[in-house]
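I am attaching a structure below and will ask some questions about it afterwards.
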Amino acid sequence: MKHYLSINDVDCLPGWVDEAIALKQNPYQFQKLGKHKTICLLFFNNSLRTRLSTQKAAMHLGMEVMVMNFGSEGWVLEYEDGTIMDQGTSEHIKEAAKVVSQYCDIVAIRAFAQLKDKEKDEAEQVLNGFAKFASIPVVNMESSIAHPLQALADAITLKEHETKSRPKVVLSWAPHPKALPHAVANSFVEMMKLQETDFVITHPKGYELNPEITARCTIEYNQQKALENADFVYVKNWSSYINYGQVLSKDLAWTMTREKLGNAKFMHCLPVRRNVVVEDAVLDGNQSLVVEQANNRTFSAQIVLKKILETL
Amino acid sequence: MKHYLSINDVDCLPGWVDEAIALKQNPYQFQKLGKHKTICLLFFNNSLRTRLSTQKAAMHLGMEVMVMNFGSEGWVLEYEDGTIMDQGTSEHIKEAAKVVSQYCDIVAIRAFAQLKDKEKDEAEQVLNGFAKFASIPVVNMESSIAHPLQALADAITLKEHETKSRPKVVLSWAPHPKALPHAVANSFVEMMKLQETDFVITHPKGYELNPEITARCTIEYNQQKALENADFVYVKNWSSYINYGQVLSKDLAWTMTREKLGNAKFMHCLPVRRNVVVEDAVLDGNQSLVVEQANNRTFSAQIVLKKILETL
Amino acid sequence: MKHYLSINDVDCLPGWVDEAIALKQNPYQFQKLGKHKTICLLFFNNSLRTRLSTQKAAMHLGMEVMVMNFGSEGWVLEYEDGTIMDQGTSEHIKEAAKVVSQYCDIVAIRAFAQLKDKEKDEAEQVLNGFAKFASIPVVNMESSIAHPLQALADAITLKEHETKSRPKVVLSWAPHPKALPHAVANSFVEMMKLQETDFVITHPKGYELNPEITARCTIEYNQQKALENADFVYVKNWSSYINYGQVLSKDLAWTMTREKLGNAKFMHCLPVRRNVVVEDAVLDGNQSLVVEQANNRTFSAQIVLKKILETL
């Protein structure tokens, strides 16, 4: 692995999960690995969990950390080839990526989907631009179409809480006032496909994810049926993929409730809109794993950085 | 002490002051105490002194520091219970506080008064929200109604410059073009009440602070009379508390001058509006302690962090 | 040297350049020098290279680093003497500089020209304000009229790539959609004047730099003639100095091309507008030194900080 752009960059998911769980017991045990190594975290969008957990992970490994809000602190980047740059963009990704590579050993990038132009979002201009032109490893801190640090944290959380060998896991769409990207759902689905589980996706019609990603997955439009005998219910909103970036429904009938959840564990990547995505009773109850998921973000980042550091 | 929310969380003010003064002589002596401990500084408002001095204090103690401008870098928080979050707020304080607690050992928070709704400001939504839901100690870096790191720095400064056992200290209101919070004045008054001093508060009528805070304090509406034989004059603007958040007067007759100051030492928390709050001659003269006060911010933060680290 | 405000603060340029090149081989060799020393980077303007390279340099030297975007995170500063501060400014440079000096051992400042008022820009209010009132060394991270860390990096790059003892170096103006400051060009010229080289400046009429800075330099208005037999071509846009801050020409005939460049090495400080300042073929070709220049920013900052640390 040079870059960590997708959950599919993990060569052996169960091995990484076990190693992350071991790291959690003694987070500072590999502190020498990061000595005199620097990571630069570049944020093109807001962040709470990713910002703090990735810093924490790097510090656990003894790395130096530089954090930059690229949008407000840096220059507007150009991504197209051959452009005459006499308009709003000040610096080309070619220079930016090569230059950042001079100052650190790993660069981590957050750049959300714009949800206006599917092709442009799927081109992953920012992430792929850095991956193409940077001379150092690139880590995805949530791009247009993937959030593999979250998916890895989710895999760790599932492992820690599973009570049988082949649990039933349901990914359930939920309503939300705003149009949200598909990144978290995509990477969760991809991660599930790397595991032996009984996995079902449920959402209203029109909310089908990219069919290439959900290939070979069970899709059940009836939420109640999907949730039957679930062990884990991962709830997440996303906007339509077919009617790209549109909000087709805000139907609160899809909100996760304690009653629907049954005996399953509740998962969500956060931030979460209470009483829209999920009712208070679920989040405040003892079946919720959301805080554990957030905690595991540190260790998903740490195992990724450790794997990269070992190659440097 | 679990949290440091108010100057009243100090169990023995003279002891802490003496210990802070000792720390100043050898700031790095307790560097092992903070090893593998992380502090997260969350700013909901601007900051110069607090931002730099609290970082410095944490670094003196060997801690790792993560700084985040919550307003611009994170998500808009919801504080009310039971809200259907389908409007502008993206994340509930319950999740935010629990999540931040996963990534650090101490969280420090700055969140100013809005000065629009007294009840809301006094509820201290942000600070108390974190104190309630975080699983780690919370430090107040200036909240709606208190600035206890400043008050502790002021106590250190008073101690370093006092030349008699029971000095006369005057808190004198000053004019200002904008409506300012009561936090600094409140905590200064509360700190003075923990000491043996001759303490007088002076301000125009209508500028009375919260009477619960000034209970048992001498209030003298005649500034000239209040200043007689003062050893220390602490000057500060605040908006009206009764007519909550209003600017009732910008009367420059209340501006502190060299003449009025007499032989007293001048104190102010900074930033200060020159020739409105206080004339140039005072700030540029040798009776001003404002730079020493700013320097003592490092050591007030350091003693607070040290006390907390000792309990972890 | 107390402060590093101008390239003329370098006492012996060839010596510093050699020392920087040696540092590059073993960047962490002087890590004890910065132990328990803190640098504060204050940005009044955006920055990518300077932000990351100066942090990196300080970390190489074992320093603690605090980064602050003064404009958005701090208070609006007043620079004039005797002002009645009842308008938009909240804190005087006198206090701000003295206060920042309490929290760190070196302060580095970026504050661009406004390009509206020549006299005001040349007064260097921010940089000189800090230099005057701070009690600690001040480093210029690009001020209104100088960018000496860039010029020092350029000197290092020239030295690393020169193949003869007295190379011909050309500073060639280029078009740009926006009005840009003179800082980079000024410091490059001043740096060239400290060296034994064949140095020519070329630009359209009306784009003469400050004549005090270009005194004794060759100015050739014919770009083609200026470029003849050049070994290094440094391309940079700047706005008019005589018609202060104005864009007099956007003539793409001044754009640097592969053809014009001949066998010379291409230099630019970045960020660069592709196909306006310089065509793609130059930046993507093997005569471009721009990434090396960016890399040398770390070592120009590091040699400056090392020299300062040795005096503390």
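Letters are used for the chains, namely A, B and C, taken in the order the chains are written, and counting of residues starts over at 1 for each.
To be clear about the criterion, a residue touches a chain if its C-beta (ideal position, glycine included) is under 8 Å from a C-beta of that chain, and two chains touch if they have at least 3 such contacts.
If you're wondering where the values come from, they're calculated on a predicted model, not measured in any experiment.
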Chains contacting each of subunit A and subunit B, listed by label: C
Turn needed to bring subunit B onto subunit C - CA fit, degrees, nearest 5: 120
Euclidean distance of C-alpha centroids - subunit A vs subunit C, Å: 39
In subunit C, residues with contacts to at least two other chains: 72
Complex interface listing, subunit C residues touching subunit B: 36, 38, 40, 64, 66, 68, 70, 72-75, 78, 81-87, 90-92, 94-96, 98-100, 102-104
Residues of subunit B that touch subunit C when the two form their complex: 28, 43, 46-49, 51-53, 55-56, 59, 69, 72, 177, 250, 270-276, 280, 283-284, 290-291, 294-295, 297-298
